[in-house]
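Below, chain A partners chain B and then partners chain C, in two separate complexes.
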Partner chain A sequence: MKGMFSTDIENRGLVLDPRTKLTVVIALVVFSLGGAGSGFYCVRAAVIALCLLPIVLLFTARRYKKALLLAALFVLVKSAEIWLVPQFTGAALSISSIVCMFIVRLMPSLVMGSYMLSTTTVSEFTAAMQRMHIPQNITIPLSVMFRFFPTVTEEFSSINAAMKMRDIRIGGKGAGKLIEYRLVPLMVCSVNIGSELSAAALTRGLGTKTKRTNICKIGFRLQDLTVLLLVLSVFVLWVLGMAGVIK
Partner chain B sequence: MTDIAAQLKGVCFQYANGDGGALSGLDMDIMKGECLLLCGSSGCGKTTVTRLLNGLIPHFFEGELKGDVTVFGKTIKDTPIEDLAGVVGSVFQNPRSQFFCVDTTSEIAFGCENLGLPADEIRKRISSAADEMNITKLLGRSIFNLSGGEKQKIACAGVAAMLPQLIVLDEPTSNLDLDSIEELKKILLGWKAQGKTIVIAEHRLGWLDGVCDRVIFMKQGTVSAEYSVKEFFSLSTPKLNEKGLRAFRTETNYLGYPTGIYPVKEHRKSETITLENFTYSYGKQDAIDIEKLDIPKGSVTAVVGHNGAGKSTFIKCLCGLQKKFRGSAVIGGQRYKSKQLLGLSYMVMQDVNHQLFADTVLDEVLLSAGDDDKQKAIQLLEKLNIAQYAKRHPMSLSGGQKQRTAIASALLAGKKLLVFDEPTSGLDFASMECTAQLLDSIGNDVTVLIVTHDMELIERCCTHILHIENGRI
Partner chain C sequence: MKGKDLINIGIFSAIYFVIVFVVAMLGFVPILLPMLAVLVPIIGGIPFELFLTRTKKFGMIWIMSVIMGLLMLLTGMSWPPLAVSAVTGLLAELVFKAGKYRSAAMAVLTNAVFSLWVAANYLPLFFAAEKYWESRKDYGQDYIDKVNKLMPTWMCPVMFASAFVCGIIGGLLGRKLLKKHFEKAGIA
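So, the complex of A and B:
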């Protein structure tokens, strides 16, 4: 029953403030995916540490197998990028560098994104948004989306099971329509659930004009400070590099 | 007037999308502190009444509304739905779509947070609601790891924490087993003791004896009859069925029987389907552990057991849907293992919307068969009474018709084992009877397993009972 987006609050290891997680995601997008400051040696080194951070977090959330696999993959591909790829020439060089870039640059952001979604509860998320003074008209639809992902993945796995029993698969009957066959029931079920969910939320006062409160205690703790310090140091190195202080 | 909690006067309502359940000139008074049961066949309008009381009509479901509805002096038409939130609490049928958070504590807090109560007050209310309902051990858990009964208790706690004066429940027991229903009964009795007004729309009636104070039988959108509790619960089963209502309680509670498989009706065939090595575990915990089991071929076997007994895992394994499952089924000397089980059996899911893919009913049925089977397909549709819908889109059919379409597709694909997951949950007598007739018409070549809590359905059409507890027989 546990999809990628369903938060497992009983088993999530190190608890970080949602804002910290968001900062890490942004930093990874800027530095790893966007490649900002990759001209400076120090920044490159610090970004590697930043890229390994989501893997460490996964490890604390007791997803050992996934964490180890991702760590091995990252280290392997990163070392290949540094030492092996420069030896190639021609087509081998372009293909291998594209593959490496794809994995090394994209993977950390994706891992962090999925970690954020799977360890943040809806109430933590809304609490964090409230602290950042983001208006309710934005927070509520976003939190509904948050709640909706696990439901849709659940529906999707039921539909997949049904398709298996009907022998609808690649190479089987109806292979040309695999996507349509998935989407139609998925949309019907999602619309039903979506409307039931909204009805239930309305009867419980979602959308009142009074300011919403939150019992969820969020805040920056030691682990948040450590993580934020790491992110900050990458930024500082980048700025120093731009200013010409370091190379 | 002060004794009236809610009043409906000359109410007519028609859903804009043409759904059943319209009201035509309904008058109803609901007294403060009473527990009122609304019953009647599907589409009689009882759900519509609950939606009027909590403001979902006219503020969420669109349609034409005439007449006056007042709840604690507030005119529903002129009161925004969010202002009713602290006054009327609602518990719905489907646990999977009434939760907003992913963990239990924030779920209970959700309503209070929306009302803008201070955090300390909310925490106090959560712990007192949890105490009252005996669910302290469920706090701080992930919603996705709870059983249906536990989810329904959390829903009740979330409503109770808002301290509403009126609580409406719309078919709250559809997905619950007998034990969970007992627990829900205790919760309702607790609310009654606190003087709350309760309105409950239900198909399953037996458990409400001793809970409700008054019964209103609805028909075609109006009040057809009103009963005192004593009158109502002395009605005979044929009388109830005549009105389209389910029996209170069939005599036998099969959960009281020992585990294993045994016949309840005469069954002539002696051949069997033999299941071997049906073991499966999630992590360290064994979900099912059945070494050998003979299911009579052509039987209709009810699979019963408490929530969490391993019934769903059992049928998933049987249909070849559980990865890494190593057991096998032997039928007529042929052995089906792991993925081959997918070709042997077919599950009709609780939400049949998951398994209809094609554009027309006929295409749907032909999807997993050859095109030259068209003649056979049409015969099959006729046999199942859905031939007139052959050109319709499956999603445009009613629930029962969808069920038939799914069954037709499985039969044409040559499946030998049909598994039904709770086919009658939330159905009134007429629809249950339809399903039972359908099961009768499937015939002797196919073996049917039904996972169900529905004692009336079991009595009506099952030849065998398979009782599983703790994953064992």
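So, the complex of A and C:
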């Protein structure tokens, strides 16, 4: 089974530079999650386009079914937020607006994050970080982390299932052991996987003093330029809005 | 620091961040928002104490702290957590160094100091509240009012204190589990 965060490199369609993906993630965090510039009409409109970008990227990565599903969900919820929610009052208003906000704000960044992780290999990531002159002391832990997330979530869901079988769950008999009985096995297997990982990485020359080479070809191409221009235009609109040129 | 140490940092950061992420999701219920400063130091203390048994060189705790700050930046918490975590991470490092990287009491204290960055997530709420809510209007006025009522400015030092105290509790819990499970399994 392919998890949400594992890389599938054979079948990934259009390739973007890791730095481009990172830029899109940051833009989404600033505008969609952080809600910067939501006071300006133009920015709000542009952010909707920005939020649809990860879904388009999923299309280019040949995840048609997932992309269609997410696009439908986003359009539905966003239009509900604009037209339907303001007509509610009282508790219905606060509950529906929280639910809409949760989906509209969080989903684009989550989709982009999972797109980034599922289309970037560790080598590409390291190569991009090297070009950005980020020290190894930061890039090695980060790349281990990103590759480790799928493992942690996978192991965790298996442990979760086992503990549910033993009735150690919220409202079950062993609720007091809820955290201990989940975290301890998770940590034991993480540590074991970690030492295997270190052995594998050391044989590949990680942590040597010499400069490492990388055969990955990364660089900015036409598709990167298109994506970056879109992101840049949102930032420009935001600055224009703050300067008082547009509303 | 060698490759192995850096890999360890990555693994434990991943576990720690999964905990932070799960707890942070609870914050969408207003009353649970301050709980971040209680639950993260306590639950996070368990993997963190195990991490400390692998920490023998200067810089490992500091790097993990900076990585937490970077991840907060990437998940939309703006820059204050990163600024604070860069400082508290170094402090935690110095505390553990003072215990010669093996003192159990210092390890508990290290978790408390390390946990301070969690409270930094609330800083915009206290000192830039208007700007903070202006970009979050769609949370609904109801949520905004509830959080504002829950978080008057004097809560700011309380948050840091709570992170520190719960860090000590989490550290003790972590040490206890370390003895109970991991030493027996031979991985502590």
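Simple rule for what comes next: the second predicted complex is superposed on the first by the 208 of 247 C-alpha atoms of A that agree within 3 Å, B and C clash if a C-alpha of one lies under 4 Å from a C-alpha of the other, contacts with A are read in each partner's own complex, and residues count from 1 in each chain.
By definition in this document, contacts are C-beta pairs under 8 Å (C-beta built on N, C-alpha and C of every residue); 3 or more make two chains touch, one makes a residue touch a chain.
The structure presented is a predicted model; accordingly, all values stated were derived computationally and were not measured.
In the superposed model, A:Ser123 lies in contact with chain B only, and not with chain C.
Look at A:Ala45: by the touch rule set out above, it reaches neither chain B nor chain C.
In the superposed pair of complexes, A:Leu93 makes contact with chain C only, with no contact to chain B.
Residue contacts after overlaying the shared chain place A:Leu33 against chain C, while chain B stays out of touching range. Contacts of A:Val188 after superposition: both chain B and chain C are touched. Contact with chain C, but none with chain B, is seen for A:Met101 once the two complexes are overlaid on the shared chain. In the superposition on chain A, contact of A:Leu206 is made with both chain B and chain C. In the superposition on chain A, A:Ala161 makes contact with chain B only, not with chain C. Of the two partner chains placed around the shared chain by superposition, neither chain B nor chain C is touched by A:Leu84.
Shared contact residues on chain A (touching chain B in one structure, chain C in the other): 180, 184, 188, 192-193, 197-198, 201-202, 206-208.
By the touch rule above, chain B contacts chain A in their complex via residues 54-56, 59-61, 81-86, 88-90, 92, 94, 96-103, 105-106, 109-119, 122-123, 126, 140-142, 144-145, 158-159, 162, 316, 319-321, 342-343, 345-347, 349, 351, 353-358, 367-368, 395, 409-410, 413.
By the touch criterion given at the top, residues 1-4, 6-11, 13-15, 17-18, 28, 43, 46-47, 50, 59, 63-64, 66-67, 70, 73-76, 78, 134-140, 142-143, 177, 181-182, 185, 187 of chain C touch chain A in their complex.
For chain A in complex with chain B, the residues that touch the partner chain are 1-2, 6-10, 121-123, 147, 150-151, 154-155, 158-159, 161-168, 173-174, 177, 180-181, 184-185, 188-189, 192-193, 196-216.
Put simply, chain A touches chain C in their complex at residues 25-26, 29-30, 33-39, 81, 93-94, 97-98, 100-102, 104-105, 109, 136-138, 140-145, 148-149, 152-153, 156, 179-180, 183-184, 186-188, 190-194, 197-198, 201-202, 206-208.
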